[in-house]
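Across the two complexes that follow, subunit A remains constant while its partner is subunit B and subsequently subunit C.
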Partner chain A sequence: MLLSSLVINGLFTGLIYGLIAVGLTVIFGVMRIINMSHGDIVMLGMYSAWILFEKFGVSPYVSMFLTAPLFFLLGSLIYEILDPIPLKRREMSSLIITLGISFVLATSAMLIFTADYRTVTLPYSQRVIDILGTRLGYPALISSAISLVLMCLFRLFLSRTHIGRAIRATAIDRTSAALLGVNVKRISQATFGAGVVLAGLAGGVLAPIYYVYPFVGSNFIIKAFAVVVLGGMESVTGAIAGGLILGVAEALGGAFLEHSLKDIIVFVLFLGVLFFRPTGLFGGRERNR
Partner chain B sequence: MDYISPTSIDARLAEEVALSRNVIALIIPFIILFPVTASAQETFRIGAPLPMTGAGAAFGEKFKKAYTMAIDEINAKGGVNGRKLQLVIDDTQAQPPLAVTSVKKLVTSDNVVALIGGWASGVALAVAPLAQELRTPYLLDHPALDDITRQGNDCVFRLQPTTGMYSAALEDFLINVVYERQKKPIKAAYLYVDNAFGQGVAKYGIMPFFKEHSDRFVLGVCEAYSEKALDYKPLLLKVKNASPDVIIFTSYLTDGILLGKQAKEVGLTAKLVSGTGAGHSMQDIYEKSGGAVEGYFSSGPWHGDVTSPAWKKWRGDWEAKYGYPPGEHEIEGYVAIQVLARALESVKSRDVVRQREELRVGLKRTTMVTIFGPVKFENFDGYTNQNRAYNLTALGQWIGGKLYQVWPKRVAERDPKY
Partner chain C sequence: MLELKQVTAGYGKIDVLRGVSLEARAGEITALVGPNGAGKSTLLRSISGTVVSAAGSITFKGIPLSGRPPHKIASMGIAHVQEGRMVFGSMSVEENLLMGAYLKDRRGKIKESMAFVTGLFPRLRERMRQQAGTLSGGEQQMLALGRALMMRPELILLDEPSLGLAPLLVDTIYSSLETLNREGLTILLVEQNVRRALTYSQRAYVLENGEVILQGRSADILVDSAVTSAYLGVPLEGEDRLIRQSL
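Moving on, here comes the complex of A and B:
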């Protein structure tokens, strides 16, 4: 009973971890950019959901799609800053630049929204549903379901559409992709935009179940990296699986070990995967670039 | 205590000349700067290392409001000994290493006569030895970890209950009401945030209590949890599985909000659920958990003697100025400035180093009754300069969106719903 509740709960939380991480995965996969501002973009997603809910009563589950174009724009703009860096130096330089962007975003949010904690309390936030003897709140359930659907759609987008194939081609080999007529810069920019949109959407699903304050991004970034490493750096399926593994591992660890030790599980998994399977559980073989 | 006055430095300098030119080169700037900065104290500057950004910023803001209100009132009446009080805040982000830098700056560059606040126990733990080293009186108004006033520092003072005292009112209620009603051993669960504050309440308050009363209470699940987790449901499911009669949380705000919401989600209930001050005593926990903490108790520093006319007047003034009812943080901060102002009356010197020593002696001699309760800094049971504040705790209960003091009976605003 307890065990099944823990596993079910872990799976649902894991789907949200997956959505937080998938944007990070795709940006790293295509552009070799380690986006340290990812958590802060999630924070912006949470704030935009909060504002639209407070001012206009729009549910975060709706508003997250309304604000998506703005996040695409933001992503494209950030990419403009990063694009001139030569590919060879990109991993380190982008890490430092996006860390700077992270500070700018967090402190700007601080100036605009102050340090107060904000929460979105939906009319049905106290209602619960029983799934196989496990009680789940409506918001947690909806957030997890939306996360799963979004990730599946994104996976289909990558495999079934022309742009998706161009993104994957760019990730595999930029030069060949360019020779085959892919506009690598535009594709990279669009991918960055898409990654940022995914982070914004993650903010939307988090808003009803978590709290937001300007520095909340730091709570997500480590988990997101762990998921990315677990699942493989460039794989959407990997991000979903990594999220689920992390969610369940944390749930079981949190219950059967000391709760305060559960972050250790994240890092042990993280190091274990790096040691035994550096490309991640679902990552491809190391490619020469 | 030896004072370093400009003349004594001059005398020392005469000896140094014979030793080394380099030493002189190092000392000269201090000789030039020292008399200027040290004597130009037309105001009493009070340094407050506070979290104005970062996760603790909401608390920093509360103390800023409390200090400002008290200082404005004192200055409106002409200040202390004809000198105005001036608040100098430095942002610590509630991080001990930054707090150390803040305090060095406040003492050596801003020339504050005293240090106040700090909010987080972890911060105060780093600041206290530094204040001692710099011989600058440090008045704690909220950091509650017992160890801070158990290190024999004569420059460190605390007016409010320590963490070990926070649960005093709850313990009293557990024995006199909960146990008396049930008359058989009571199953308890305890979850506390894994930081200096949580460990302090656990080590000096809750755990010794359950150990001492193990004939009446059985402590089952007892765990520290990490503050920034997204999901506490696994832990709460574990507690639910043990079906305790009493659940106690020691939490800050954000973790308290999530614990309240998620406890409701997993259907965790008990005859009594109580926090131990901090997050559970803040208005935000009720609003931001969507009322999930309705019926929860919270034991901690009381909100003052709410039956007294002076307290009622202060509450009215506070609401008029800031538009919300004050809680424990607000009254602690407000009273801390009053205590400092009283002690500053004995400060006559113009030199800031002397002022600090005079203030330290003044604080040691201070005996006053404030709207928070009696304040007197004593050495007892291993504590140094600690107010005996066991009685300055109360048990509140969230009823209809408001935290009412419900225990002890003499200060109860209404009867507990239990």
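Moving on, here comes the complex of A and C:
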């Protein structure tokens, strides 16, 4: 393949990686919770898109928005488990608890749906479009575009609404936020809900372009962490940039390395950034707290 | 307006406040002075709910505050400007001010509140789009105060507003406090700069080792400088500043 088509392919995939990572970032930023079950929630998003497509013929691009409230509910419930943990012990305890939730979700999916690989084949799945000499499938294009739009909307939500600003303020300094009248617990719960909704939506955009199977989440969690490390824990913009970098790096690596070595790119990037720039490529400084 | 009776509070098993009784009267500036570690900040925190008091009662306009979370206390009309200003550094000045008007019933008055705050601190109007973390110490103090005013509080708890500021800026901050007080705002002021605090307040409490050791009209306490230096070992204002600079 041409270099330019590798880059273009990588950029489109990267937008979806960005969407997966945004939810992880916002949850960590506000609550110091490392949500290991994030990838499995993406998996749930994929399965719910698949079911609604198989049973009712609803396009994943529509059903993902219909199921979003359920994901919000799921997120709020998971947060109820995590809320009592004191902030000082959050990072480690939440890691273990959400890892447990991850296993429960993945094995439940295994019980219910079996280990079969499922696909969502849309009427236009085979159609391609030509972008600067690169042939791109319709679903890939739509999924990437939706991811970009969702991230931009989320960014606007964080900067332009009272609740969005309260989420950011809580991430920076929860005591000061509380003193201004912010109900920190409710904001945290809503943030967790929103992060889970974003993961569910990511599952929706992935369903038409990726295999659906119970342990698919583990692929995404690693990539999401790499994106977060690349972009820094701070912002939506960082997640977009991190996703794009990872997407391109992966596409290039896939072309030049043996297929079985492809995933090494993610880990090399991951460790490299942690080693040389622990705050992320764009994360300037430690947060003030 | 605000009344504390025999309040005991602290962190873990250590009591920082030991049976403190205090009153902040409506429309007055009440000063709370005392050496480092006397429990001044802890007292403000136990009022705003960020520290839970172990015993005693705190009432605001007759309503008990104990057991209420900070955001509920904030919604009752009490603003707390913490020591070290604590603005949201990676947010813009405007966003910081908007956060002050976060509570639902304050949102309708954002325009008026903004006009009031920028009238009081014109410097903030020039810096609206700038990141709060890039402001100077004095500007951050103005922002912290302005953000609290966006809450349209009846009572404001101020923790060390002059800390680390150049004398000229301290004057600016204090003259704005005078203006606010004249317009009816009740202020409970914690200040290490004893002379400054006693000059601007109507009544004062001297706190030492978590207990009130002296209280009365500020003017009386100020005149009785023998008393203040005996209890506090307070250096003159000039020396005070020198010591602080050398720290």
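Definition applied: the second predicted complex is superposed on the first by the 284 of 289 C-alpha atoms of A that agree within 3 Å, B and C clash if a C-alpha of one lies under 4 Å from a C-alpha of the other, contacts with A are read in each partner's own complex, and residues count from 1 in each chain.
Simple rule for what comes next: a contact is a pair of C-beta atoms (placed from the backbone, for glycine too) under 8 Å apart; a residue touches a chain by one contact, two chains touch by 3 or more.
Quick caveat, the model's predicted, so the values are computed rather than measured.
Peer 1: Taking subunit A as the common reference for superposition, should the pair subunit B and subunit C be classed as clashing or as fitting?
Peer 2: Subunit B/subunit C on subunit A - fit side by side.
Peer 1: Just checking: does A:Ala169 make contact with subunit B only, subunit C only, both, or neither of them? Give me first, second, both or neither.
Peer 2: second
Peer 1: Could you say whether A:Val128 touches subunit B, subunit C, both of them, or neither, answering first, second, both or neither?
Peer 2: First partner only, subunit B.
Peer 1: With both complexes overlaid on chain A, does A:Gly137 touch subunit B (first), subunit C (second), both or neither?
Peer 2: It touches subunit B, and subunit C stays clear.
Peer 1: Residues of subunit A touched by subunit B versus by subunit C: which partner has the larger set?
Peer 2: Higher number of touched subunit A residues: B.
Peer 1: Between subunit B and subunit C, whom does A:Gly232 touch in the aligned arrangement: first, second, both, or neither?
Peer 2: In the superposition, A:Gly232 touches no partner, neither subunit B nor subunit C.
Peer 1: With subunit A as the corner point, what is the angle to subunit B and subunit C based on their C-alpha centres after superposing, as a multiple of 10 degrees?
Peer 2: Given the fit on chain A C-alpha atoms, the answer is 150 degrees.
Peer 1: Examine A:Gly200 and indicate which partner it touches, taking first as subunit B and second as subunit C; both and neither are also allowed.
Peer 2: neither
Peer 1: Scan A:Asn183 for contacts with subunit B and subunit C and give back first, second, both or neither.
Peer 2: second
Peer 1: Nearest CA pair across subunit B and subunit C in the overlay: distance in Å?
Peer 2: 35
Peer 1: Subunit A residues touched by both subunit B and subunit C?
Peer 2: Looking at subunit A, the two contact sets are disjoint.
Peer 1: So in the complex, the part of subunit B that touches subunit A is made up of which residues?
Peer 2: On the subunit B side, the touching residues are 52-55, 57-58, 60-61, 191, 194, 223-226, 228-235, 237-238, 241, 253-254, 257-258, 261-262, 264-267, 284, 288-292.
Peer 1: For subunit A, which residues are in contact with subunit B within the complex?
Peer 2: Of all residues in subunit A, those touching subunit B are 1-2, 5-6, 9-10, 13, 16-17, 107, 110, 114-119, 121, 125-126, 128, 135-137, 140, 209-211, 213-215, 219, 223, 247, 250-255, 258-260, 262-263.
Peer 1: Quick check: in the complex, which residue numbers of subunit A touch subunit C?
Peer 2: For subunit A paired with subunit C, touching residues are 159, 162, 165-166, 168-169, 172-173, 175-184, 234, 287-288.
Peer 1: Which bits of subunit C are touching subunit A when the two form their complex?
Peer 2: 48-50, 69-71, 74-75, 79-80, 82, 86-91, 95, 98-100, 102-103, 106-107, 133, 147, 151
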